[in-house]
Each structure stands twice: as structure tokens, then as C-alpha cells.
Amino acid sequence: MSIAFQDTSNVLQARAEHNAKLALRADRKRVTWFPVVVLGLLLALPALQFVGNYNYVLHLILFTACYATMASGWNILGGFTGYISLGHNVFFCIGGYFAGMILARYGVSTLVTAPLAGLICAAVGYLIGRITLKTRGPSFIISSLALVMIARILFDNWHFVGGANGVALPANDLSVVWAKLPYYYAFVVLAAAAVFVSYKIKHSKFGLGLRAISKDEIKAESAGIDTRTYKTLAFAISAAFVGMAGAIWGEYLTYIRPNIFLVILVSVNMVLMCILGGKGTVAGPVIGAILIVAFNEIFVATLGSSELNILASGLIMALALMFFPLGVIGTLAAKHRLPRILNWD
Amino acid sequence: MSELLHVSNVTAGYGDGPAILDGAELTVEPGKVHCIIGPNGAGKSTLLKAICGMLKVRKGDVLYRGESLKGLRPDQVLRKGICFVPQERALFPKMTVRENMRMGGFSLPDTSNLEKRIDEIEERFPILKERRDQHAGTMSGGQQQTLAMARTMILKPDIVMLDEPSLGLAPKIVQEMFDIMRMMAAEGITILLVEQNALMGLKNSDWGVVLDLGKTLFSGPAKDVLQDPRIQDLYLGGSKAA
Amino acid sequence: AEPLKIGASLPLTGGFSIAGTKHQQGYELCVDTINERGGILGRQVELLVSDNRSDPATAINQYERFINVDGVEAVYGTFSSRLSFPVASILAKNNMVHALPAGGALRIYTQGHKNIFYFQPNAAEYVGASLAGVIADLVPEGEKPKTAAVVSADDFFANGVWSGLMGEKVMDPADGSLVRDLAPGYLAENDIEVVFSERWPEEGYSDWLNLANQVKRSGAELIVGLTASAEEAVQLTRALKTVRAEPKLVYFSQGTQAEYLEGTGSSAEGVLVHTSWHKDAPFESVLAGEPFSNTDFVAAYQEKFGAVPDEDAAIPFAVCQGIEQAIIGAGSTDNTAMGKWLSERTKENPVRTILGRFNWDELGLPANKPFLMTQWNDGELQFVYPTDEFEGVSAMSYPKGSF
Amino acid sequence: MLEVQSLAKHFGGIRAVDGCSFMVPKGSITALIGPNGAGKTTAFNCISRTTQPTSGQVLLDGKRIDQLRPHKITRMGLSRTFQISRNLADMTVLENVICQARIGGWRDLFKPALGAEEVDKAMEILDFLGITRIAFEDGSNLSYGQKKLMDLAALLMSDPKIILLDEPAGGVNPTLLEEIVGHIRKLNDQGMTVLIVEHNMDLVMRLSHKIVVMAQGRVIADGKPEEIRENPAVLDAYLGGVLEEAA
Amino acid sequence: MADILQTLILGLALGGVFALMGSGLSLVFGVMRIVNLAHPVMIIAGAYVAYWGFKLYGIDPLVMLPVAIVILAVIGILLYKLVFEREARSAKYSEMTVLLTFAVAMIVEGALGGLFTNTQRVTSPAYATDAIFIGDVFIPTGQLYAGILSLVIIAGLALFLKYSRFGYAIRATTQNREAAELLGVNVSMVALVSFAIGIGLAGAAGSLVSFVFSFFPAKHWEWIAVLMSLVVLGGMGSLLGTVVASFLLSVIAAFVGTYIGATWSTMTFFLALFLILLVRPQGLFGEKPELA
């Protein structure tokens, strides 16, 4: 019953061959022109306004870009670091209110103050992170939910900013055709920045550390990674992006109110986009944002007005999670079917 | 033919991954101690998992008393009399030692004797008696290994498959462990073990099997395996083993 | 001719879905009737409704979609202040006539939007006037309540009512400016002392018994419950019953709906609720150039939906009537002309709806239109105040006593 | 180099480590042995601060490290492996290994993770341990022994001054073990201090310069291998009759 | 004094109901490590069972309780078979399961809304709006019955888990699925049954809720965070912890509501959650995690 086994060198050689057969290879080529071209197209798109009224198209892209920004931001904490937060809309809210109130009182556009709002959110995120990041897994998720509730109650009762009734913000003076453009560009640029930063982080030592944290924090810590600083930093960065999006969103809506920002749907959308697209991948949140916005549009257009709407969203989500547990990007990548142009990781 | 378990030309792997086992052969005779050795990653643990139903057998067959075990769930295989102690300790970390022992008897149809049986076994492993109410997860590595071993003895199965039973045990205990194993064999329990502590393993076995590259490279009486210079060189740590 | 498209984004799911669904019914009934009668300016009307899930951003988005993608020529407003507020800016920006079925907070109208028209009797801040009227006119001298407990949801509309009752200043938080000073407030004006007041959060409140118990302990003779939804009114009523509160008078801002009666049963007896509409109010209106009375509306609604309508269906119906008359009045769907026509309405030459006559002040709030007061009596919502506007007013039962 | 002073760790009533003191001289290979449950792993955990000691001190190069967070300790040049291998799933073995590479300062944080230099170094180590073929395999899809080897590789990646190995030989094939022993020696020759927990007495005797024996949380013997071999207390508590046989 | 006593009673009364609402959640988490965000919507489904029983046939919600348990347990089984079975097998994706439950919550909400509309409902057996008065202090009978029944159900469950053979299997599976399988436990069966029990508990809670609160399909969003905070405070997966946390928080919330303000009483739950995470991240009865 013994197999060819005459000589030790035989076996050693066979072993080498066997190993070569089983060995996986790293895939390192990336197609950078694709995202760049997409960005270029998006920047050129508003020219359409010269030939007609494409406000709604702009609105949809702007809306998608807003969510792509938030989802990418979320992904830095939720995807890379493995801390699923259902409370990131708190930063959406803080950003929105911070920049919005400055706009209301002093007339400075949120386009200018958005980076500042981002910084504020980063700082708040850092502080909150110091507390909540002590917990892991389900406890963290729930603490993030609680965070939303607390923020909601606080904002609802903060009369200086209008409490639950909210504040109306002045609209810009541009004509209807061009009124959306500043926000359109702001969001597209913000989304591009978020994607770029995600990419940079993912491929840095910092990103590697975050991924280690997401898998085994004790191991990461004893590998010399300062887990506490890493994860709070990740929290702060992700909060900053969400905050910047919130700042501009407020002005775009011309109205800020706690329950525009602090509804569970907003944070769930962020999470869902990342999951659907592929948590922890760079392209995932963007793809997810596009898909979710598209689904929403389709439902509103076809099912229109009914409970079916919620049911169908839930169904899509469930099916996606069941059959693409790693998200579209993640699952395709795992099966080695990911088109080159979408491999941004 | 006196074979109890026969693995013929088995191919198996994880998920959709490559075949880790690729033509593994194994014959297990009743009442004997069998020792599988091989380098790290050869597929030894994979083979045991394939036998007990934790992994799907892609090709080939696993016959137990002439019956195929293919497609059975681990709990069904267990009920046929094959007990497996995996390498990553299969304990319930948040149950006490005693509860872990009780779980060992979960598949018994009649549990009236269970407590007595556990008491008997605890006598043999004083540490288990002493730590009865400690959570298994907080025991030291070796203590956990002891518990995992002791737990299989509750069932009195036909075949016990042990994946590196000596792992992490103090030398004194290792010796005891092999003694227990011999004793079990003497009681008619067939033993199939995987050992990296190959010298010790083979010395205490009747039959040795060399598994490498997912294939069975050699199989013969333990003494022959121990003395084969090629095997010494490749698997037993070279000349020192002699 | 091509159909005349009109869009309405409504909260058909989410927190406001009950009211939202009724709004849809109101709009549909009106549009169907118009179409049966030959349409507007000879064109059939096509109603586009979409669900905004009670979410402001979605609501805005959907109105934009109506205007930019679907090419609607007019829109109907959405439900609740919190959605109407942001929608108002967008519609103003797009120069659309904004007819609101809901959205009573004063601040919506003080932003300076043109072409905004409220289709309920008055802003939330002035709702208290009707309660004050009831107390002044219907309660016998000497038996008037002297103390009040005011409990309220932290809701846009309820807060408005609260401000009016308590005589608070309404501020615009955007720049901290004063919108209106409502002092001393309707309660103080009527020598009623507020002995207990409390607000509960917009969502997730469950401690009703505790609240009711405190209301009872305060010994208030008048209980004012400013709830955000009929659901909360049900909860509050049941809790008051459980703790055996025995006030002289109970006024709720919500609770005209059938659901309220179902949830509370006999406890509803004697509860006062303000409303913009009542099925027995003998309002005469026009629809598609023909007379259409309130009774016709009730009958038509009952035939179509198999239930008695409530104000959540009647108000949108009135909005639809207003837009129809504006289009006819302007002779086209030019929204600027429609707005102009609407704002030129006078007491003598009003818009005639099943909610009665409407003409608006410069803010877009109806001029001289009091709310109706209704009371649950014998399982029926009877209309008790004002007594001098029309026939068919029932007597108010007083005092309320136990629940 | 490393000094442990009356270290204690209690879990409820169990005194896992109970006032134990020993020293690891610079440049030595010191073995920590003792029966199962003696408290060796717990002592390791206290030293690397994965658990907080109940009392006692740990000094590295004369500085107290028992108050520092684990990563600080690692940065100071003390790295460890785990008895039950901990690995990072969904990350390739290469990433698992490079993860442990030293990071200079803030600026380093945002450098590319898989720098060419590091990849080369990591691949070299993997090659040496004979596990190059799993370089791009998921860190959790490994055999028991492979995980141990990966741990070792990661450890080597961090250029530590002192390494704590918790049963590095457990589950490793004897042939490969020989090579690893050789490598540890080589590292030691280059000046690395090693503290090793091992039950393979043969290996311990051959490798170590000094042996510390623990039992029930206390140090019961401390000395050269030859001395330990003769020590009746150790024979009784730990070795049984085994050593003679193996020797 | 009477005020304090009264507040205490009201807090306890609410606590009993919350305890049952949270216990199913806790069980499913304990056994399957799933944070079942669909649990609250299942409670609402259970409430509908009670509601229709009451509305159509005038059956007391307390009598409908077993029916609700059975119906919901069946739904649980279907749900498990259709959705969670494949998830349970691959532990790797466990965090995805949280989101999957979220999706399920949306599906069920949509379905309930489609079937029963979003009209708020409540059942009104006589005791629901009655109270036992002892001097100045009253005990609301509805909540009293609900609380007692909850405790009975929870106690039964706890005994079952602790002593039955199946309870052992459940705990073993939770801790080490593979090992349980190797010891002869049919793990998919265990997961199925425990999931069914968990959802069944939602049914039980639902029929009690039907007369304590009013409900409509979208209401579950309001409950999620509150229930979660109970479960976390008690220690994830600890039944006893959930019960203690429910009573504790409800009482505190009642005092806050009485003496500070209604707005802040809901906040109690979330603030408590934060405080507990700050000082004792594992909750009251949870296991201390490694690496403090």
C-alpha cells in the first residue's frame, strides 16, 4: 500500500511541488484610471443644465455622493476596525447643526465651515470613542444605538438650536437651475476624498493595525499595536467625514431638525451600503451607496406608496446578506470574479 | 478481514478550497493503537475530521464495519461509536469542569449511570475533581487537555480518535496519558492518534502511518516506522532519534 | 388634452402613516370627483402620490422629483409641520403654490415665503383661543376650572398650542429673533392657574401611568393633553382612567379619529378635541364648478372607503379644492398667477371648501377662522363650539368627572 | 534583563501565580517549566500585561513594565507567543506577520503597509520556517502547527530584544523543531534573550542555560539544567521518571 | 412618602413587562450570539395575535398568550429555516447576522403594515385600565398581571435551561458548536428550537404588551434601543441580568419621570447604558472580557 517513497529527496521535491500547487498568489495590479474617469465625468455632468433641467439627476448623484461619503467614513471604523456603529448619524447631526447654526447666525456658508465641522466631529468622536470603544461586538453596537437616543433627547431639548422644531436655514440666491451646483460639487469632492483617504488608510500600517484590531484585539495589542489610540483615531476620522457630509446636507435641505439626522434609517443606510457593497473594501461603500439609492428610486417609482416599500427594502437587504455575505465587492473578490476596474483595494 | 475502519483513497478539503487530502488511505484494526505522523500541514487533522463527518469527503470512501460513513453528521458518527477529540480543545469554556464531563455523556441513551461514571473518572484525574466547579476555559492548557481526554472515556466508544493528545502536557502526565491509552486498548477500544511527539507516539503504538502531502506515504508496524532511516530523517527529527 | 399632473408626497409609512394614508384618500376622492365632473379646465387630473416615510429629506426629494422629472403643474402639501417646514422652502424656491393641509406652526409662515396657504382654521399658537372660548361661553359661571394641568408631546404642532396657552414667546432659533410674544396666554387670561405642566419626548415614551398620576395629584380641574398623535391620546386617556382622575374639563389636541374611540371606549366621554372639520358642519363648497356640500363629501367618502371620514381626510380634500379653484381662477396652471389669485381672496369672495370659506392674511394664515370644538358624547363626536356659526350644535356636557 | 519580583495573580480563590520571583539574565536562554497549571502561562500573561497582576513587579532592563499597556511592552522589545495560537482571520499569513513589524513613530503610521522591504523580510522568515506556500493563505485556515509557526514568524518580525515563547514546540514536527532550535540558538548568539515555556524536556535541557521550575504558582527551583535534573523536588513534582528515559 | 411608594410601584409594574420583552432577546443572543433586532417587531406580531383574538372573538389577551406563543414559535421556525440556518453554520459572518435581523425586522414590519395598516391598536380587557387602590396608592392591575405572568414565564425558562438535558445542549452549543456536535448534539436542531423559543417569548410578551401599550407595526423602532439597553446592562445573554436590569431601570426611570421630568425618564435607559459601559462593560451579570 505504500506509495512512491524510495528516497528522502523524492519526498522533499514532491513536497515542494505540492506546496507550489496549493500556494495562492497575491494580486497586486490595480486600475487607477477608472475611478479617475468616473470622477471626471461627474465633475463635467452639470453641463447638462445648459440643455435642460436635470436637477433631479443632480439631486440623485449628490444624494448618492453624500451617502458614499458617509458610508466610506463609516467603513473606516466599521469595516476596517470591525466596530459596527449604528450611531454615526450623531456626527451627521453635530456637523449639520454646527455648520447650520453658523450659517443661520452669521451667514457663512457651510461649504466653508464644513471642514471645521469635520474637525469638531472628530474631536467629539474621539471623546465618545474613548468611552464606547471599551466595549466590543454587540455591546458596542448597542452603545452606539444608545448614543443616538441620547443625542436625540439632548438636541430635542436644546432650545438654543430650536429643540425638536428645528431651524430653517436661508437658501442660496442662485436660480433654480444652478442652485444645486455648489452642493453637488461639494459632495462629489467629499466623496472622492473619502474614497481616497480610505484607500490610503487601508494600505498604510495604520490600516493594517486597524484590521488586526478587528480580528483579535489582544493579539494586536501584543503585536505592539496601540489599539486604543488606533481605534479612537479611526473613530475620529470616520466621524469627521460623516460630520462634513452633515454640514453640507443641512444647508442643502435649508432646514435642520434633530429627526432629519437622528433617525435610525440614516445610520442604517450607512451600514447597509457598506455591507451590501462590501465591508472593509474601498469600493464597497460607493457601490453600496449607488445600489441603495437606486433601489430606493425603483421602489418609489414602481411600488410607490405602500408598506410594500419597506418590505421590499428588507427583502433586498436580506437576500443580499444571505447570498453576498461579504458584499458585492467582497463576494466577487473572494470568488476571484471581481472586475479589475472595481478592485480598488 | 479484521479491519474496523477503512479509509480508501479519500479526497477532502475546506469549503471550495483545494483538496488538502488527496488519496489518503488508512486501515484501522480493532483493539490496536494506531499512530499517524507527518509534517505540519500534511493533512492529519483534516483526515480525522473527514472521518468523523466534520468535513465532506469529496472522493473515495470511509467504511466502518463495512458501512459507509459518508454524508453523516458528526453526532451521527459519534452514535456509531467513533469518538473524536480534536486538536483545538473541544471544551465548553463557560461551563464548569463537571458540566463538561456531563456533556461528554450527552449521547448516551441511558444517563442513569452517568454521575457514577464521572466520579470514577475523576478519581483517575485528581485535578478534575479538585477543579470540578471551575469554568473549563480558565484552566491551564494542560488541564484542558486532560479534561478533553477524560471526557471521551465516559462513552466507552469503539474507536477513539485523538488529535495530539500529548500536546501541552507535562512529561509526567504524558506518560500517564499513554498508559491510559494502552489500558483503553487493552479494554478493546481501538485507538487512532495523531502525534507530533512522534517518538513517544510510535513507541506506544502498534501501527504507524506516515501522512504527507495529503497522501499516505507509508504504513506499517510502529517498530518498522520508528526504525526506517528515511522516516527518521524526514519526520522524526533526524539522526538524533536513533 | 394632456392630463394635468399634480403631485403629493405623503408619509404613508413610518410615524405619520395613519394620517398620511387618510390624506391620500382625501386627495384621491377629490381628484376622482373632479375627473368625473370633467376635470379642471377640461383636462383630466392625474394624481401622483409617493411615500416619504415620514422623512423630511425624502419629502423634499420627492417634491423635486415631481417638479423636475414628472413635470407636475401643481402640488398638494404634505402632512405634519415637521415635513411641511422644509418642503416650504423647496416649493418656494421652485415657485410653486404651497397649499398645506397640515403645518400649523407659526414659524412656517413667518419665514416670508410667498404663495403659501394654510388650509386649517388657524396657526397652532392660536388653537387655545377655542378652548378659552369654550370655557368663557359654555361653562357656567362659578363652575369654571381654576387650575390646569398641561401635558404635551414635544411636537411641532403641540408646542405651538402650548406656547399660546401658556403665553410663551415664540422665537426663531435661526437668529434668535422674536416671532410673536403670546403673553399672557389663554389660560392666564381666563384666570386659570397652571398647577402642573410636563412635556414628553417625541418618541419612545412609555411612562404614561406615572404622568397621569402626577396630573391627578396636581388636583387640576382642567386637563390639557397636547398629543402628537391619536395614539398618544389613547395612551394618556387610558392612563388617566387607570389612576381615576376626576377633572372638570379635559381638552386634547388629538382624538377625533375613530381609533381614539376604539382605544379608549367609554373613557372618551366628555373629552373635548379641537378640529378643523366636522361631519355635521353645514359647509357649502364648490367642486368642478358645481356645488359640493360637506354632506356630499361624507357620503362620497363613505361610498368609496366604507367608513366615516375624519378631519385627516377632509383637510386634504379642501386643499385639493383650493388648488382647483386657483387654477380655474388663474385660468392656467401658472403658479404665480394661482398664488396671486389665492392671496386676493376676501371674506366675501373666498375659496369655498368643505372646511368652509378661506381667505388668507399676508402670512398665508386664514383670516378670521376659529377652530371647531368637538366633544365625545355617547360614543359620538359631537360638535359643540362655536355656537353661533351654524345650526346643529350640540350641548356640551360638563363637568367631565371620572374617565 | 527581565526581572520578576514576587508576582502574584489570583482568580477568585485560585492562586494561579503566588508570589513568584525569578530573573532572566541578558543574553541567556531561560526555560520556565513546571507541571500543568503551575502558573507559567499566567506568569507570561502578567509579564506581557495581557492580564493585570494582583501584585508584584516586573522589570525590564531595570524599568518597571507592569503598569504599561501591552503594546508599550512590545515596543520596548519584549514579544511573546501564545500557548493557544491567536491569529488574525481574514488576513493573509503575510499580513499577520507584517502586522508585528515595528512601527517607528507617527509618520510611519501612514506609510504603505506592505513595504517591499518588509515583505522581503517576512518572506525570508516564512521561507525559513518552511511555510512560504501559505503566505497568502487566510491566517485562520491553518493547521495547528502552521499557526504556531506563523506566530513564531510574526515574533521574529518585530526584532525583539527578549522573546517569551509559550510552548513553541507543542504540535510542531520534530524535524522542523530541530531547525527551529537551531534558529533560536542563532538568535541567541546574536544577543537575543529568550524565555521559553516548554514541556519537551529534551529540548529544554539541550537549549537552555538556566531553568526556573514553577509549581502551584511558586518557584520551587532555579538553576542550571544539570542542577535541575538532579533536584528531587522537581523530579517528583514534574518529571516523574521520564527524564532518565529520554536522556 | 406615598409619592415615593407610588413611583416605586409604577416602576416595578413596567419592569415586569420589560423583563419579558427583553428575555427572548437575551435568550437568542445567549444561544446563537445573534443580536436579534427583529425581536421587537416580533413582539408586535404577538400583540396582533392577541389583538385579533380580542377584537374578533372577545378572547382575553391572557388567554391568547399561549396561542401567541405557538404562532410566533412557528414563525420563528420558518424564519430560522429560511434565513438563519445557513448563517448559523458559518460563524465567520456573525456580525452580518445582526444586519440580517434588521432586514427581517423591516420585512415583518412591512408585512404587518400591509396586512393590518399602521393604525394603532390596543386591547381593552377591563383590567387594563383598572387599578387596585390601597389608600392613596394604587397598583395598576393590567401591569400587575402582566408582570406576574412574565416572571412566571421567565422562571420556567430559566429552570428549563439550567436543568433540562436540552438546556445543557443549548448552552454547550453556544459555547462551542463544533465540540457540541462531536459530543452528539444535533446542533442545528438546538439552534432551531432555541430560536423558536426566543420568538415564542416575543409572542408571549406581545400579548401582554397588547393591553399595556398601544402598538402599530412601526412602533418597534422605539423599543429596540430600550430593550437593548436592558440586555446590555444585564450582561449580554444573561437571563437573570435582563430581569434585574429591567426592574432596576424601570424604577429609576419612574423616579426620574416623577422628580426630574418625563423627557428625561426615557433617557435613563440610555444614560444607564453608557454609565455601565464606562465602569463595567460586561454588564451586571456578564463575563468579564479579556484585556480590561
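Lettered A, B, C, D and E in written order, each chain numbered from 1.
To be clear about the criterion, a residue touches a chain if its C-beta (ideal position, glycine included) is under 8 Å from a C-beta of that chain, and two chains touch if they have at least 3 such contacts.
Small disclaimer: the values here were computed from a predicted structure and weren't measured.
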Count of contact steps on the shortest path from subunit A to subunit D: 1
Query: What is the shortest path, in steps, from subunit B to subunit E when you may only step between chains that touch?
result: 1
Query: Measuring centre to centre, with centres taken as mean CA positions, what chain is farthest from subunit A?
result: B
Task: Give, as an integer number of Å, the spacing between the C-alpha centres of subunit C and subunit B.
output: 76
- line: For the pair subunit A and subunit C, the C-alpha centroid-to-centroid distance in angstrom is 40
Field: Chain centre separation (subunit A, subunit E; CA means) in Å
entry: 31
- line: Residue ranges of subunit E touching at least 2 other chains are 113, 118, 221, 225, 263, 266, 290-291
Statement: Check: subunit A positions touching at least 2 other chains come out as 22, 149, 153, 156-157, 218, 221, 306-307, 309-310
- prompt: Using the touch rule from the top of the page, what residues of subunit B touch 2 or more other chains?
  reply: 39, 233-234
For the subunit C and subunit E complex, residues of the former touching the latter: 13-15, 17-18, 21, 151, 154, 198-201, 203-207, 209-211, 213-214, 217, 229-231, 234-235, 238, 241-244, 259, 263, 265, 267
Query: Okay, in this complex, where on subunit E does subunit C touch?
result: 3, 6-7, 10, 13-14, 113, 117-122, 124, 128-131, 133, 138, 140, 142-143, 213-214, 216, 218, 221-223, 225-226, 253-254, 257-258, 261-263, 265-266
- prompt: Residues of subunit A touching subunit E in their complex?
  reply: 82, 84, 131-132, 134-139, 141-143, 145-150, 153, 156-157, 217-218, 221, 264, 268, 271-272, 275, 306-315, 317-318, 321-322, 325-326
Statement: So, in the complex, the side of subunit D touching subunit A is made of residues 48, 50, 69-72, 74-75, 79-80, 82, 86-92, 94-95, 98-103, 108-114, 132-137, 139, 154, 158
Interface residues, subunit A side, partner subunit C - complex: 53-56, 59, 63, 104-105, 149, 152-153, 156-157, 159-171, 176, 179, 249, 253-255, 257, 259-260, 263, 265, 300, 304-307, 309-310
